[in-house]
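Chains here go by letter, A, B and C, matching the order in which they are written, and residues are numbered from 1 within each.
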Amino acid sequence: MTKSTREIVIPSQYLGETSEFKAGRGTLIDHGKIYAKILGVLNKHPPYVNVVPLKGRYDPVEGDTIIGFVEQAMSSSWLADINAPYPALLHVSEVPWRVDFGETEKYLNTGDTIMAKILSVDVERKLNITLKDRNLYKIQGGHIITVGPSKVPRIIGKKGSMINLLKKYTRCRIFVGKNGRIWIDGEDLQVSNAVQAIRLIERESISYGLTDKVEELLKSLS
Amino acid sequence: MTISPTIKKNYLQKLAEQNKRSDGRKFSDYRPVSIEPGVISKAEGSARVKIGNTQVVAGIKMVMGEPYPDTPDAGVMTTAAELIPLASPDFEAGPPRGNAIELARVVDRGIRESNVIDFEKLCLEPGEKIWVVFIDIHIIDYDGNLFDAASLAALAALYGARMPIERLEEEDRNAYIKKLDDFGIKPVEETVKNKAGDEEKVMSYYIPMREPPISCTSVKFNDVVVVDPSLDEEEIAEARLTVSTDSNGSIRAMQKGLNGSFTLEEIKKIIKDSLVTGDALRKQLNESAGR
Amino acid sequence: MKSDIELIDANGKRLDGRTNDQLRDVKIEAGVLHRADGSCYLEWGGNKVVVAVYGPREAIPRHTQDPLRAIVNARYNMAAFSVDDRKRPGPDRRSREISKVISEALEKVVLIDLYPRAAIDVNIEILDAEAGTRCAGLTAAGVALADAGIPMKDIPVGCAAGKIGAETKDGKVSGGHVVLDLGKEEDNFGDADLPIAISPRTDEILLLQMDGHLTVEEFNKAMELAMKGCHDVSKLQKDALINKYAADVEEVE
């Protein structure tokens, strides 16, 4: 087993010259020099230098599949909280149902949960989402938890090893949204076990031997 | 307002039907509690209390003031709580509203009506000079059950509160020390560090206290009752009951909240469980205060 | 103001034993609160400060929104028990002014153009106060903003310098020592206080206030000391953030 440490960088940290690198995500350029603009992990992917965020709200990207909570039904659209700085707009033309004007509440209402896709992010940061694609729908059962963006890779594990372990022991369907929300569906007690295992993964700061620990917990719960 | 999705509520309710809570606790399990006294040096007494992720700091300040006309020989106490926007994305700045006022009043009643503070010993000159005790409660991090966290923090802060007699005029101070001596209250000799970092011996008088009642809060949803609700559970709670019990097993204060209802059997069961929880918390409070 | 207290002795030793260019002890911890998007706990001498950041999120009420950028709402608040004489809860003129100058200082380093219509709320709670709370509060706010994952040009940091031990005769001030980071008595009985905040990467000055009496030479000396203090505290800010998340980034097996 290998244990390597990636470098944490903080806003204002010098990362290189524009003559050497291209300033990627999470960076800024000042007088020909590249600096980190967020707290994150350094990711040099020549010619790009990027900073992958450790904390913070979800930064929407077109095409991402995310989990949203309906905040409000309006006459021809809905507003959803997607864990981003702004609510996202879901227009009636972007749902798989034929919704008459003023009848939005019949289909989706405040507190409903949806699996949606980011349709567009415009210059004013107005967000549009869609339900018109395969595997996009209103979520009916199960449970939702939210984790920080830095925890998502640990929950998935290398080549999906961790999440497959969770699925194997709990026989739950588990979907990790790009916005840090995780949907777990299955038998109620198994969902509860999966949640406890995810909380353990979140809490344990040292990843060495984490898979074994999680497996131990799942065995003791089942 | 933060949106709480319906499926989360449904999930918590379905788990409850199988005698489970979302964080793995049993219905009668309290979260881990930590009590840390003496965290604020400017306060006469202070404490930080954590119940799970909920975190509250209480501080005591004392000043000489005038008594109320109907109790000329008793000290006075006021309690204030602020739900500062630090603690939750849904708390707003501004003067205290309903929730903060109810919280402060319930904590206040729990201490005042059960005579935890020996108010008569806080009188220097009847009708003229008495101590005014200010209890200020700051909610730092909100994950449910503020009632218990706030009252425990207030009690722990009071337990460690040293009366600032050095701020009295010499004549007043000597008269008050004499009075305390007549009551049989002796100072505690303590070693403290002064500004230059040197050790110094001082005589401390602590606020005269009686054994306090301990508050224990339960909530009901979907016909189950759970103790020490987390924020998730508070969000779906239909009714809330806070019961303060003393070391003799008596009930000293109660407060029912929210728009749901309890049956008499549920209330009797809550009282029974609150006595058990109260004893455990009282023990922890006494230990934290070194008593 | 002149007191009988000797704030600095003939050997240049201050009341609490510090030399003229020495900071009080500073301890910083990032990510201390579970509910906030970012947070920081800071102790600076006898000051204890906790800061929570929420956002960026759509500013409410709507009329406070700026269509082109985010607004930074710093809210400096002193706990009632944080001072010798109990402070009445709620904002007063002093705390409103401090909130304003801190908000403005933070807006210079936060990349506010990225978040039109949004608000970033920075709640600064002073739990224990002992001279220099605005610098302590701003310094903790810088860490909490970075901890919240908010894009910034730099992590702002504050520190004060001042003058103590001057003689006042017939309204004329003479003598005195320029010192770093005024302590409690130095703040009460000193001759000048100069709190500043800077962007340490560029040395741009984000906040500057001054009261008392300084010659131009003394001001230059005080600025030099305060900037040095800022850079020393800046290192502690960075360590606090890196220490908090170092364990998080170990490669998954």
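Everything that follows uses one rule, which is that a residue touches a chain if its C-beta (ideal position, glycine included) is under 8 Å from a C-beta of that chain, and two chains touch if they have at least 3 such contacts.
For clarity, every value in this text was computed on a predicted model and none was experimentally measured.
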Chain pair, most C-beta pairs within the contact cut-off: A-C
From chain C, the most remote chain by mean C-alpha position: A
Rounded Å distance between chain A and chain C, as computed from the means of their C-alpha atoms: 34
Distance between chain centroids, defined by C-alpha means - chain B, chain C (Å): 31
Chain centre separation (chain A, chain B; CA means) in Å: 39
Residues of chain C touching at least two other chains: 57
For chain A, residues that touch 2 or more chains besides their own: none
Residue numbers on chain C that touch chain A, as the complex places them: 31, 37-38, 55-58, 67, 111, 114-118, 146-155, 199-201, 238, 241-242, 245-253
Chain C residues touching chain B - in the complex, by the definition given at the top: 15-17, 33-36, 46, 48, 50-52, 54, 57, 75, 77, 79-86, 89-91, 121, 123, 125, 127-130, 184-185
Interface residues, chain A side, partner chain C - complex: 1-8, 10-12, 26, 28, 30, 35, 37-41, 53-57, 85-87, 124-125, 149-151, 153-154, 157-158, 162, 205-211
Partner chain B, residues of chain A touching it in the complex: 69-71, 81, 110-113, 139-144, 188-189, 191-192, 195-196
Chain A contact footprint on chain B (complex, rising order): 2-11, 14-15, 18, 20, 22, 24
